[in-house]
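Below you'll find the structure, written out as structure tokens, and then a few comments.
Residue numbering begins at 1 within each chain, and the chains themselves are lettered A, B, C and D in the order written.
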Amino acid sequence: MSIDEAIAADNLRACAARYAEIRRFSEQLSEPLSAEDCAIQSMPDVSPTRWHLAHTTWFFETFVLSQFPNHEVFNADYAYLFNSYYNTLGKQYPRSQRGLLSRPGLAEVRTWRHHVDTLVLDTLRTGAGVTEHTLNLLEVGLHHEQQHQELMLTDIKHVLSRNPLRPVYRDGSFGVGRRSESKGHLRIDEGIYWIGHDGAGFAFDNESPRHRVFLNEFELSCDLTTCGDYLQFIDEGGYQRPEFWLSVGWQTVCEQEWQAPLYWFQNDDQWYQFTLAGPRKVDPHVPVTHVSYFEAEAFARWSQSRLPTEAEWEVASQQATVDGNFVDRLLAGDSAIHPHGAVRTDASIVNMFGDVWEWTASPYVAYPGYVSPEGALGEYNGKFMCNQFVLRGGSCATSSDHVRGSYRNFFQPEARWQFTGIRLCQQEPSHA
Amino acid sequence: MSIDEAIAADNLRACAARYAEIRRFSEQLSEPLSAEDCAIQSMPDVSPTRWHLAHTTWFFETFVLSQFPNHEVFNADYAYLFNSYYNTLGKQYPRSQRGLLSRPGLAEVRTWRHHVDTLVLDTLRTGAGVTEHTLNLLEVGLHHEQQHQELMLTDIKHVLSRNPLRPVYRDGSFGVGRRSESKGHLRIDEGIYWIGHDGAGFAFDNESPRHRVFLNEFELSCDLTTCGDYLQFIDEGGYQRPEFWLSVGWQTVCEQEWQAPLYWFQNDDQWYQFTLAGPRKVDPHVPVTHVSYFEAEAFARWSQSRLPTEAEWEVASQQATVDGNFVDRLLAGDSAIHPHGAVRTDASIVNMFGDVWEWTASPYVAYPGYVSPEGALGEYNGKFMCNQFVLRGGSCATSSDHVRGSYRNFFQPEARWQFTGIRLCQQEPSHA
Amino acid sequence: MSIDEAIAADNLRACAARYAEIRRFSEQLSEPLSAEDCAIQSMPDVSPTRWHLAHTTWFFETFVLSQFPNHEVFNADYAYLFNSYYNTLGKQYPRSQRGLLSRPGLAEVRTWRHHVDTLVLDTLRTGAGVTEHTLNLLEVGLHHEQQHQELMLTDIKHVLSRNPLRPVYRDGSFGVGRRSESKGHLRIDEGIYWIGHDGAGFAFDNESPRHRVFLNEFELSCDLTTCGDYLQFIDEGGYQRPEFWLSVGWQTVCEQEWQAPLYWFQNDDQWYQFTLAGPRKVDPHVPVTHVSYFEAEAFARWSQSRLPTEAEWEVASQQATVDGNFVDRLLAGDSAIHPHGAVRTDASIVNMFGDVWEWTASPYVAYPGYVSPEGALGEYNGKFMCNQFVLRGGSCATSSDHVRGSYRNFFQPEARWQFTGIRLCQQEPSHA
Amino acid sequence: MSIDEAIAADNLRACAARYAEIRRFSEQLSEPLSAEDCAIQSMPDVSPTRWHLAHTTWFFETFVLSQFPNHEVFNADYAYLFNSYYNTLGKQYPRSQRGLLSRPGLAEVRTWRHHVDTLVLDTLRTGAGVTEHTLNLLEVGLHHEQQHQELMLTDIKHVLSRNPLRPVYRDGSFGVGRRSESKGHLRIDEGIYWIGHDGAGFAFDNESPRHRVFLNEFELSCDLTTCGDYLQFIDEGGYQRPEFWLSVGWQTVCEQEWQAPLYWFQNDDQWYQFTLAGPRKVDPHVPVTHVSYFEAEAFARWSQSRLPTEAEWEVASQQATVDGNFVDRLLAGDSAIHPHGAVRTDASIVNMFGDVWEWTASPYVAYPGYVSPEGALGEYNGKFMCNQFVLRGGSCATSSDHVRGSYRNFFQPEARWQFTGIRLCQQEPSHA
């Protein structure tokens, strides 16, 4: 039973079980790491693992436990240290300096987690004072925790990648990628479509209001772009030819001296990539990942294709199921958090969910009629609707019960440290 | 006869007349300025006046004259110095260093202008070798020249504003703003609408393809936001309260220490603004200008309203005519280049064109089916479709025959040195 | 027996004892710290504690053990990670990124330390292959270790100071400062004096050649400047009045918004300072510390005095003994590493050694005839002779057997995180 | 009669003549330049020519004319715009933004100059109210003007050098350099020497007090380092080998990608340099110039030599006369402002004066007993005594009557845009 179903069923025992399970998963993710690993901030976008463990705890203490009149805050200083960006709740310790904090240490943060978990679980056990509002906040908190679980993985990958010793997060076997035999396109007819959250189960505010869009006919690639596809782009001078790039993208390529996706490096004319299991050869048959929007867009232009809009992606996704390469398999003992592509089934379109977040051509903006919720949670999504692009479908670092067809992830166009990839849309015939 | 009509009529004599007139206007704009005024670059976004005079000349020499086999380039070094951003045509002198060039001087640049003008006019007079393609390039060049005329005004305003002597570009009377009696909204019904260039007359590539969009019912304010409206926002702590702002907007407010629109300053508790006619008191009845997208968006949120999308704006604009406060009045002897608002007529909606560019809620992206043109002109618009927002309607620094309902201007959300303003859309009733 | 005496006596057993003792002291200094504390780099000048523990170990492995033909390096990657700045020995991991390394972790670094210590001690025990050169390198290594012990304390102070929780490194009592009754000056006659190392015992290369200088008559203050003295400077607008400051000093004051020495802060109109024992009230009777050269020089100008040159300081120091408030007292169980001033004895001049490093007016340059030694150790001191000022006398974080009258410490004029203080010289009568 | 002699003789007519002559020379220097050339600031260290013309005028108006009770200031706003760094006289327009000012224009500045000159000359003609103090200030003003004349030349050289058109300031023939046949050294015995201004004629405050220094025996090269000498350093990897460089010097080489002196560039394997007469081949027989202290020091180390201290230089200079390649020759019609080296005469040491400023090993600090003068002129020299090195002897851009043996010029060790060069001192025999 997912948290959403448990909440819908008003099943407090199931809620508690799910709460415990999701919270425990955060601990499991930090298990292979030393206290020092959990302290490092390798760039401003990255947060230390320990900060994630603390911030998510602060979230439950602030939004759930503090609803109860007698709750005593564990440590009053933590509100300043672990509030991420909620101006409504007070000033925040500067984001870019999270790596300067050695205290509270990992042990202390774990104590705090345990303390908060005990209180939440006790509350759910007795049910005293628990309202629908409480459960809704709990639900947000668990989806929030899952988002940070994904960030913990992508952030620690960046941290470890900066170390010349190239440490392994967790060893594990990679499935060998297999290119499906035929690559085709899924054609969708012109028309008016509804997109956005349909009301069943949990969704973030930015997925609403559900609304109509007019779409021209389009054809979406049934497959993700592979490393092999992308190598052709590199080999044909993709990173040396400005004609494929957006102006700010080309500026970034030049300033950052990009030559390949993040984590790729060459050794004896062979391409390797740093993974959570250490350096591995680039496998041409698995989906390319750690590309920015700029790279996705340039690759599409080079391919005489384009990226889909988020509306196109969402409409097409209605023909797929939320099934694929998710972080869940870590629990199943399969530990190499990395895209592995898909074996073609009879379904026309594959890998819509899991493996890599798919860049869309859509800037992240409000849906028609969207108004930020009142209060601190109104800062969750709405204030970031500027200079970011929407990604869809989840990745190998996402939990399967966290994502859905209407889910809108968003990052700056230069961001590369997430598991981000590419699915092409066919260029309109009239312009071919 | 506009250049578009002249070209459509294949009327070379009319083309030549229009060419001469538009080119002459650039000279007129630089007349009040000294050679030193024309040399200054006061921030990276600003180009020196002399650079504008040279770059537009390079444009005609490169795109029009160089089509003719025997053309000898005036000075081979100028291609590097005055190519703005066309990678297809070779490397460019760094944009941020345009203010470091003292040569070629203003006199030399004027000689070059005269030289190129003579050749273009001779060509049009004889008609030898002139094809439809030639005329199309000429047309692009003249619209390009008009864009730079607007930039010359906004750039020199910034240059002069940085000088503690607060120099006057051109003295002139300001019409006294009059608030129209009743402020209402124009209601547009839900439906599918066509937007984009309809094919009549000139348009830039980014206005096509014409395509359908689905719009919910909306209500657009019949008036522009005035300085008086905006002063209320300031007085109620608009610049001190993060809850109104996008996250990057608030960061900008804090870092840049914004307290009011660009060019506003306080003196003895009275607000003034620097204008092209020197410092003037802020008139509460004229449209506010020199606000960023961040400020427009925050003002809208504070107003419990929102900005229109570009599709909404364009659909509504079909009820207005391209008429208003344009830079043309400079030629009519009315020299204060500044918004003056409108006297209400019987038309329901006023000031859609002229006065100030109106920020829309729409990030600048490609229309469905858009593909950049081949060749250097393909770099004109397409490669900037990232991290910018669309503005509509033209300003007091725009030429009246340059703008149209489908015209898409675009700037970064932090840009404030253009004549940019605000028109609100009513928040949807369902969320009020 | 000091290491220098042991080496001079060719007493390997004494050498080994001293080696073990000094190396152990580094461990003792890191004992109160968590693994996370030891990982943080709070500004580019600061290195993580763990890095200090590793770098000093690299120093012995590289300069001492690698002299022996059969030595096998513990980990070949560490040369890159822990070489500080010796270009002769290869490339170095960037200094400003030392805080990004979580591996090797603290436990692994301690294993390495133990491994190297065992080898060094075994070598000294058997004496096989040990030459005078070996012992000289060992001696340099131990003085080097003592320098890093001082840096470990000043660096961790900075790290902890940045944490809003204001953690305590080590609790401890502060002696209450007592202002000596009469403040006088020590007068030194005009003449030719010898300065520089006189050849007895260890000294760094930059203390040689011993050479003659001509000095005018001067009078050096018998006491250090106290916090009480410095508070007067603050109260009389010292940080608001450019007339006291060097030009780059004033620029620094404005840009960094300096209002007091580093680590000082105000609370309810009372001055506090962050210390290694946590926040404490500023005691007006103890020497002021954590002032930059800029502040020392401005304070002197405000006092109508000046700072002494290093030659003046050294000549005057011949009347003092190397005795005072050193880090040794940590081992004696007195743990508050902080200046405590001196009780006046019958000696005319007090506190020349220990308590605070004293800024001199002398830029750090080569002594006449100085030539950097050959090889990697030639990079130890000589290449830093630019844009730094000399400090003399050691501090409360220095080991008593590390410092001497000819010892030249040096830092950039803006540096404040060392235990740096002020001793004034009387302005010459002819200009008073 | 020099200004110093005229003032010493209390000869107002001679003062006036000299005033007129020196002021006129500033005008002559700006004659070949356009208004735009005079407006550009190509880097923060450079000031526009027009700013120099205005600032020197402000200096006379402020320090001389404003002593007279009835003086009416020409324009009250100019005090803010043209005060360089005198905090005593009020706030200053930011130095780094001098290139953003287009007003007052060149014509207006010239009008101001004429106005001030007329008043000064009238005052000197009538003598009313003229005291010795007046004349002393006038003298400072004229030496100040001469300093800015040199800066005008070095600044405009930098401005023009940044322009891809490589404009010529003033054409002119270069004497062909001739290497003197034998290079020798001037030996000076060990002893106590007096240095500093001896009281005859004008000197800046930083040349006093005259005082004694003890010098070891040393040998100073009789010749300047030539381009040919320096090319050997380049050819032997001088810019690729960190072992020759100070630590901050090497950092600068890497960050700035220095490969040769400023203004040098390669074309078809031949070295050229940009000069005030445009690009010219590097002549191996003329003194190298436009090297930083870092380069001078690295070259010396590579040569197994060293730079002289300023005391050594000054003592040696007592065997030379103030005679050489000065900017005076511009007035004599010989216009190529560039070092030309010297034909050996019977004098043992050549080129001590003129051609290039010679870097010394001495940081710029106060002489023993130095106290800054009271008032604004106290800011002239004293506040810059930090992180700069002393240069001696004047250059081809210096006026011959401006420089003397005790004259102390000073620049940051990375500065290269002055006419700076190298004279070596022999390494002490004991270390050879």
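Descriptive notes on the structure:
In the analysis below, a residue touches a chain if its C-beta (ideal position, glycine included) is under 8 Å from a C-beta of that chain, and two chains touch if they have at least 3 such contacts.
Owing to the predicted nature of the structure, the values given are computational and were not obtained by experimental measurement.
Shared contact partners of chain A and chain D, listed by label, are B, C. Of all chains, the one whose mean C-alpha position sits at the greatest distance from that of chain C is B. Our note on geometry: chain A versus chain B, Cα centroid distance of 38 Å, whole angstroms. Rounded to whole angstrom units, the spacing between the C-alpha centres of chain B and chain D is 48. Of all residues in chain C, none touches two or more other chains. Every pair of chains in contact is given here: A-B, A-C, B-D, C-D. Interface of chain B with chain A (complex): residues 85, 87-88, 192, 209, 211-214, 216, 242-243, 245-250, 293-294, 361-363, 365-366, 368-371, 383-387, 413, 427-428, 430-431.
Contact residues on chain D toward chain B in their complex (touch as defined above): 34-40, 42, 50, 77, 80-81, 93, 97, 99-106, 159-160, 162-165, 167.
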